[in-house]
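Each of the two complexes below includes subunit A, the first together with subunit B, the second together with subunit C.
After this line comes the complex of A and B, so read on.
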């Protein structure tokens, strides 16, 4: 590695503008004549809209337009859709209810958008929004997914009888039942995976600008995938054809999945801009973010895991009810199915698995992928079950895992995935060594002397990233392909622009992608610009989620670089009168191997553009495009160990140490990877100890501000001990597996396993707040 | 935020005059009022800013007798060397209110007049047997705090200072709400010439209160060990998504123990 190339701890190029306040976010965008939007939202969880009176609002100062769902429908704007078709076990397609960007006849959750007001200032828009008079007739509501499936539950959508969207299965039910019947021991448990609010630092925002002269729309939006936004808004929402719609996602302050989806607000801003004749900007306040950003998790699961007399797993049966909220968000059907149940084999040899997933409408915010997306839920199910099984079987948690580890690769699981490479024992050994697992008993005794309860817990996770081979996801119901594209432009003076379909909203692509170019051509990082987030600049792209930008996005760049390199070598060979096969690229020069004959990179580039002396028949210029479609998922895996101390007087849990031993394949920038792991663990610890979205019986979100929704703070977390032991991924050219979600996937069960170890029983749900841990200490095991 | 008329008061008398315009509210640190206005939950027509009245600022320590001006910030209460010597528990309390930004803006008078049921200061004033001085009268803390966000203050009345005599011993311990970091339960204990007082914030469903169970036990012996086995009833304690009344009842005893230990340290 060079000092700026692959493997180097290069400081992030983009951080200078972020930490000096010079970043350019959607709310920083100003278009001449721009006005401001405010949404009137439902205060009820479930109600019929009887009447909307906009007269008073229209007469308010500064008001330009007050627009309703009826007008939006009359203009032909389509309903929001879920882009991944899932079929129930009986072969019927999922039951998708209508989701209008502005509700027409009925509202289905608190925060549902009903009317938009456009005014000169944000304050005037809000004032007028308060003056819109909507008459509702309230309906009975239901917030809990299990309740929504119950008899007598209010019906949300006529399409989904009993609020059931689909009843889907994966694996072999008969074989699994037989295996469980023959098992020497079966561990059974019920698990709740708590609902989370993503809480990106930058709230969602949209600026829609319709240019009458050009009959063309521009949308600035907080998106993780602007091309997908353009595609979906064109193909399904009828906003504008793709050639008349430009989508720009500039600096975006965090996404965690919540900015993958296309929401009502960006559609409405574009439509309202045409309707009112002015550019329209909307920026969510924090309460709107809590109410309307797609939430994450919210599963109820029962598990049965059977073991033979040698403690080998013989079968696993999982039955999950997943809450999808009031409407189906863009990828909501895939998250609790193909991103969840396909990972139920974990790191283990399990001959028979059956997973059943029912998804349900409730009067809550839509639920979709949130950092990890299905894989944290699968890992929590498996790793809680393994820990409890070890306790029941009287063996050490590490030994039970080791007994069942997959050690031969490739390994075909019973739930679609074919693991390509890994060394799970190595991560477990590394984590146990780092955590001084052997010394825990001593530390527990010492803690007891201070009146504290110590516990230790582990979690061996695996996830599937780099999503994904397009043909594979297509056969599973995806509405899009999941390749990535790149264009590499070498300028006449040798500087390089890389246009990527990946999108950076915190990941540091401007640095890591440039490091790749540096490694290939020796061009300094300063001479490499990464361009992303604009459909007018970047040819096409599928965006950033599922830890795919390294494994898929960079692979596309590699393919384009390969093409550039081939042409550059041809030019250099021609200039140096050498054989093309003898040209090597070193330190910014193209050399004839074994000689001192060379041409500097910039001179080769200049030659490509002056075209005064190119090989016979060669086109001038040096610019190449590539699309990369992965041949498999990638499989990051690792072992996390958490050690906690509980104050029995207050129930407060302190994390004493947290060890993460990950296998991410090859690594571009170890510092950025560590940052990703730190952030992921913070969110995972947040889920385990602190965070939980709570709706009351009437469907009001009780945790709609930071006064009640507990975000992880620095003093809630220890200094993490992270390490990597990398087995390169065989399915992509850089050997990358992906690291963006691992922390959030692997950590919750490690934390809960540690707390329950300290408690001495497993009767505890997330978030394990001090109040809950204190109550659990008093209640003891419930059997 | 709705539009609002801002008035800067130059003296207490000036403030009392200016409050008569419209539906006006006094603004001290604004650490509760301004966020409530920003989220449109509060909408006064006028604000009368008390922060620039010199008479309302500063801490006077004369022997055991202490006067703290109403517009004195938490930061100043936390860092006043003389106060720290005679009543370190109060400085300790102030040093843990909110975050540094809040401590540099928020004031003791504003906190007391707002009487948030999870604010720290009300427990201190009640346990210290302090007196709230206003532009009209002096009100004993026992009679000042009337319930959730309710006090004995009349609409136009201005808190000008808080006075008390430093007790021989005092201590404060709080268990913060995990989300807001306000006191989920905070207990301030004192031992002075009039005996033991223990006031609880964050827990009571009618705001700050004195715990007779804690006071009775500590009157026998002002030691944490005196509270072993002591329980407080949970019937009048708050329950919410963060803490049940039973858990808060437990925290009252645990925080009282820690407060006593701090007082004796």
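After this line comes the complex of A and C, so read on.
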């Protein structure tokens, strides 16, 4: 490891602009002639649009255009789609209802966009939006997924009878039933995975600019995957063909999944720019973000886990109802299926598994992938069940887990996944040691003397990152391939630009990707630039989500670097009159191994471009491209331990310590990896203790501001103790597994296991607010 | 419309604004100082914190006309030329930022916090005083670390300055 290479704790290159206020987010963009958009949104959860009167609004000061869904449809703009086809058990395709970027006849959730107003200033656009008169006829609404499946529930889409989108199964139902029947003990429970709002700190925004002279569109947008946005907006929404549409995702202020999807607003801004003849910018306010960003989780699940007399798991049956909201968002169908039920084996050897998932329309915001996406839900199901089973069986939670750990690799689970490498016992040992698990009883007694209730809980999670290979996901219904691209451009002076289809919105790619180049060629980090987020610069890419940028994005860079290295060695061999097989790259030089003959990197690069003295027949220049399609998912795993202290008088839970022991495979920059874990844990603790999106019976979102939705703040959290014990991933050239989501996946059950340990019973749902814990202390039974 | 006149990052600025214009919008849209961000509508997130007459202030909670006559420092005015302010340097060194959106507000809050605690800071105090700033990326772990480190650096610097003066 060099001082700037792989494994080094290098401070981030990108920080300079962020700490000096020079970051460039979409709302910072100014285009000459730019005007501002405001959306008129449905105040009702479910209603027919009877009449839209825009006259008053059109006469307001500064108003340039007031546009409706009918005009949008007349211009041929298409409906939003879900890009992953799931078939029900009976073989029928999922029932996707129409989602128009601006509602035409009917609105299906509070916040559904109906009209857009374009005006000189943001204030004028908002004033005019308030003057748009829409007559609605309210319909009955339903916000809860279980209720939506009930008889007589209001119907959202004519395509989806009974609001059921699909009824999907995975695994062997008969074998699982038989296993449970034969089990010596069966643990049963009902689980609610609370609905969350991702809450990236930068609200979503879009700036659409139609250039009449070129008949060309540019869209600046808060996207985690600008290339997919361009593809989908071209192929499905009919905004413009790809060669006439440039999508730029500049600095993006966090995503956590919510900025993967293509939303109505960017489509409408592009279309409105052509309609009105001016560039149109829209920036969400926070309440708009709460109402319209894709939410996460929202599962109702029943679990049955059977054990034999030796406490070995014999079977697992899971039945889940997943709320997808009013419309199917881009990857909404994949999240509660292939990203959820395929992880139901956890870290355990389970011979028979059956998962059934029903997805449901409700009059709520669309639900899609949020940090972890399906894997937190699977982990919560498993790790709550294991904890409760241990309590029921009278064995320690650690021992029950250890008894069932998978120890041989590769391991084929009954639910598609083939785990390639891991050492689950090592993570468990590391976490227990770090947490001084053995000393807990003493600490509990000491806390009790102060009148406090102590509890400790663990969670052994596994997740799957870098969804792949493309052919496999295609066969499972994905509408896109899940490879990544890279282009490495060595300039004539030896500096390097790496163009990547990954997108950085906090992950530090500009640093870690440059560290990879430094490790390969010895070029200083300052001489390496990472270019991303612009479809005019980077030809194609699949973006950043699912912790894929290390495992897939960097692997693509490795492949391109391999090609650059091969050509560079040929050039060097020619210049040094040596055999290319003898050339090695060390400390920024290409050397003849075992001699002092060398050519500095920059001289080799210059030679590639002067082309005065290249090998016979070689093309000038030094630029290579690679597309990388992984051979398998990667499987990060780990063990989290949480220790809490509850004040029985107030029900307030304090996290005394939080320990994370992860296996991420090889690590490029430990500082950045730790930062990812910290952030993930904070979101997981947020889910466990504080956060929950609440709709009332009429479909109004009660938690639509930071006054109402409890975001984790600094004084809600402790400092975290994080460590890694790594087994390299055999499925990609760098041995990377991915670390972006682990914290959010592993932590909620650790927290709830700790609180229920302190309470002495399991009658508790997330978020475990002081009110709920206080009530649980008084109501619950002993376990 | 109202006339406002104030000093921003050491420069006298003035302009005509709608009465309803917030200080943050004046900074961002009239002066092009886009380092100050808007992350919520309810004065909760702190992405918009600037210093008004030396005090950390949420610029989304103040009308531009209220700030008329004041001296305002934004994130763009914190560094001394090419030299980063110690709080900026500590955020970089300790990885106290990821997406960078909350960062300007965090740094402005932290700078004021350190100024108000010349006796030094501890973790509990830092966490309590960050109550008005939300970060979704870092889990605050490294932000707290950065502020504690900057507080130490600045207190050493001021002590050595005082020593020299004596």
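We take it that the second predicted complex is superposed on the first by the 781 of 783 C-alpha atoms of A that agree within 3 Å, B and C clash if a C-alpha of one lies under 4 Å from a C-alpha of the other, contacts with A are read in each partner's own complex, and residues count from 1 in each chain.
Keep this in mind: a residue touches a chain if its C-beta (ideal position, glycine included) is under 8 Å from a C-beta of that chain, and two chains touch if they have at least 3 such contacts.
Quick caveat: nothing in here was measured; it's all calculated off a predicted structure.
Answer with first, second, both or neither: which of subunit B and subunit C does A:707 touch in the superposed model?
both
Is A:297 in contact with subunit B, with subunit C, with both, or with neither (first, second, both, neither)?
In the superposition, A:297 contacts neither subunit B nor subunit C.
Of subunit B and subunit C, which one touches more of subunit A's residues?
Greater contact footprint in residues on subunit A: C.
Kindly classify A:775 by the partners it touches after superposition: subunit B alone (first), subunit C alone (second), both, or neither?
So A:775 only meets subunit B here.
Given the touch rule stated above, what does A:287 touch, subunit B (first), subunit C (second), both, or neither?
So A:287 meets both subunit B and subunit C here.
Following superposition on chain A, which residues of subunit A contact subunit B and also contact subunit C?
Looking at subunit A, the two contact sets intersect at 123, 287, 706-707, 711.
Mind listing the subunit B positions that touch subunit A in their complex?
Listed in rising order, the residues are 1-3, 39-40, 175, 178-180, 241-244, 246-247, 250-251, 254.
Mind pulling up the subunit A residues that touch subunit C in the complex?
11-12, 14-25, 27-28, 30, 123, 199-203, 251-254, 256, 283, 285-287, 505-508, 671-672, 674-675, 678-683, 705-707, 711-715, 717, 719-720, 743
Sort out for me which residues of subunit A touch subunit B in the complex.
123, 126-127, 287, 649-652, 690, 694, 702-703, 706-711, 769-771, 774-775
Please name which positions on subunit C make contact with subunit A in the complex.
18, 20, 28, 32-42, 44-45, 47, 74-76, 78-79, 84, 88, 91-93, 95, 97-104, 107, 123, 126-128, 130-131, 133-145
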